[in-house]
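Heads up, the next two complexes both have chain A, just with different partners, chain B and then chain C.
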Partner chain A sequence: MNVLKVNGKEKTFAPDKMPATIVDLLKLLGIDSATVVAELDGQIIERANFAATALKDGQSIELVRFVGGG
Partner chain B sequence: MDELIIAGRKFNSRLLIGTGKYSSSAVMAKAIEASGAEIVTVALRRVDITNQNDDMLTAIDRDKYLLLPNTSGARTADEAIRLSRLARAATGINWVKLEVTPDPYYLLPDPIETLKAAEILVKEGFVVLPYINADPILSKKLQDVGTATVMPLASPIGSNQGLKTRSAIEIIIEQANVPVVVDAGLGLPSHAAEAMEIGADAVLVNTAIATAADPVKMAESFKLAVQAGRMAFVSGAAAESQKASASSPLTGFLRNE
Partner chain C sequence: MASFALKLSKSVAGIAGLGGLGSNVAIALARAGVGKLIIADFDNVEQSNLNRQHFFIDQVGKSKVECMTENIRRVNPRVKVEGHKLMLAADNIPEIFANADCIAECFDSAGAKQMIVEMVLAKMSGVKIVSVSGLAGYGKSNDIKTKRVSPRLVMIGDGLTAIDNCKILTAARVGIAAMHQANAIIELLVDEIQI
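Here is the complex of A and B:
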């Protein structure tokens, strides 16, 4: 099984079900990518590069967005 | 009202508004509108992957308002820098309200980590608006490293206690060569007016508006108070004295002395 750490939680995928890119992961999670920014193994990935960024077993990804704040 | 200029950008409103604690995005949008604010703060958090909520950004017209991401939640300079970079990637905006608050009980800002982060962020091209305790020396040091404002607290975040740090803020205002934005703890329009009367360039309000019974009306109240306070400041306050000073003539009384 492949493992991705998404926002601190481990998610396991069968090798053939592993999302190939950040766009695929967002689709799988039902997240609207227009409002999200990602950090893959500590590197910021801009939205424009989500489709081109491949995901690999063992990586850690943070998905963040704006919320209300003062 | 005279214009507020931060980092070369002009604003007609001297009220900055936060977006936390609103009961709904719709109420928030109406309150922002009523406040007349042009700068709106937001926070950055992990997407809740189990429970999708509607995104804040969709409720805020970005052509009309400058989004000011904060680094709330950061406990160190490194965490604040990481959040700032993420915020910039998310918005394309290089403005950041720098907050480093390691103490969860009073949410007081860490001066050493804040100064450290400010210096690095300014070098990276950010327009930095640091949230600080009302410390005149720290204010000077932040200006020296190139922050766009200083944002001293009136009282702890969300406490609605008003301008407890008044005398220190007066010193900050006297010595500042960047705009002074009084942030945190302003609970009533009169608190905001007081901050403006002593010469603050702007105030930032969130909790007092968002958690009022009628946030939209309260937003307008703050708008008017900030305008009144600013107008009073530029009018030059009359002198205070210990004794009475009659407003009516002290001659021509209808009595024989």
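Here is the complex of A and C:
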């Protein structure tokens, strides 16, 4: 099984079900990418690069979600 | 104690947006004695702002930046204020906040919040940002949390209650979030910024 740590919690995936990119992970979680900031292993990934950023077994990703109001 | 006041007096904080968050964060940081505040907002004060924003009835119709500069001066005239009446965007944020040690994200829309946090983390190395997500409604005071996401990002809020579906904003609950935000900024400025 592959493991991704998402916001501190481990998620396991069968190797063929592992989301390939950040966009795939967001789709799986039902999150709109327009309101997310992502840090992959502590490195900021700009939204424009979500589709091009591959996810690998053992990585840790922080997804910060924004809702309106201020 | 002396170093607390000294560090704050030599610090620069940016405040992106002067709504319910920004207007209250600005006043809290001015009272704390932060040396310089860089404030930015394109808007004028409206009657409907007064339910939660730190402006006064006689300021309705005037520029928020101009009014907040005056309100800060009345609280603590030693604070330097640099005001920018404009719409903050990806192409002007790095320049406007270039000298800030720390930025308070005080926007209204989720997309704008995303934009500035991404911009600061990706393009403004050395600058920290304190952002807010989830402050609508009333009650549930203790659902509003401060979380250190990473070395340069602190998130405030309950992460859930959005103005889009809740429709209610109160001085009380927005104020709780704003004071979390101001408190986090003071902590970063005093404990982590090298002066």
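We adopt the following convention: the second predicted complex is superposed on the first by the 66 of 70 C-alpha atoms of A that agree within 3 Å, B and C clash if a C-alpha of one lies under 4 Å from a C-alpha of the other, contacts with A are read in each partner's own complex, and residues count from 1 in each chain.
Everything that follows uses one rule, which is that a contact is a pair of C-beta atoms (placed from the backbone, for glycine too) under 8 Å apart; a residue touches a chain by one contact, two chains touch by 3 or more.
Worth saying up front: this structure is predicted, and the values here are computed from it rather than measured.
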> Taking the superposition as given, does A:V37 touch the first partner, chain B, the second, chain C, both, or neither?
Replying inline: both
> If you stack the two complexes on chain A, which partner ends up touching A:G70: first (chain B), second (chain C), both, or neither?
Replying inline: both
> After superposition on the shared chain, which partner residues are touched by A:E46: those of chain B (first), chain C (second), both, or neither?
Replying inline: both
> Between chain B (first) and chain C (second), which does A:L29 come into contact with in this model arrangement: first, second, both, or neither?
Replying inline: first
> Where does A:T12 make contact in the superposed view: on chain B (first), on chain C (second), on both, or on neither?
Replying inline: neither
> Who wins on chain A residues touched, chain B or chain C?
Replying inline: B
>> Under the contact rule defined above, give the chain A residues that sit at the interface with chain B and also at the interface with chain C.
In response: 35-37, 39, 44, 46, 62, 64-70
> chain A touches which residues of chain C in the complex?
Replying inline: 17, 19-22, 106-111, 113-114, 117-118, 121-122, 131-136, 149-150, 153, 155, 157, 159-164, 166, 169, 174
>> Quick check: in the complex, which residue numbers of chain B touch chain A?
In response: 18-22, 28, 41-47, 49, 52, 55-58, 67, 69-70, 72, 85-86, 89-91, 157-158, 184, 204, 206-207, 210
>> If we count contacts the way the header does, which residues on chain A are in touch with chain B in the complex?
In response: 6-9, 29-32, 35-37, 39, 44-46, 62-70
> Hey, which residues of chain A end up touching chain C in the complex?
Replying inline: 34-37, 39, 42, 44, 46-47, 62, 64-70
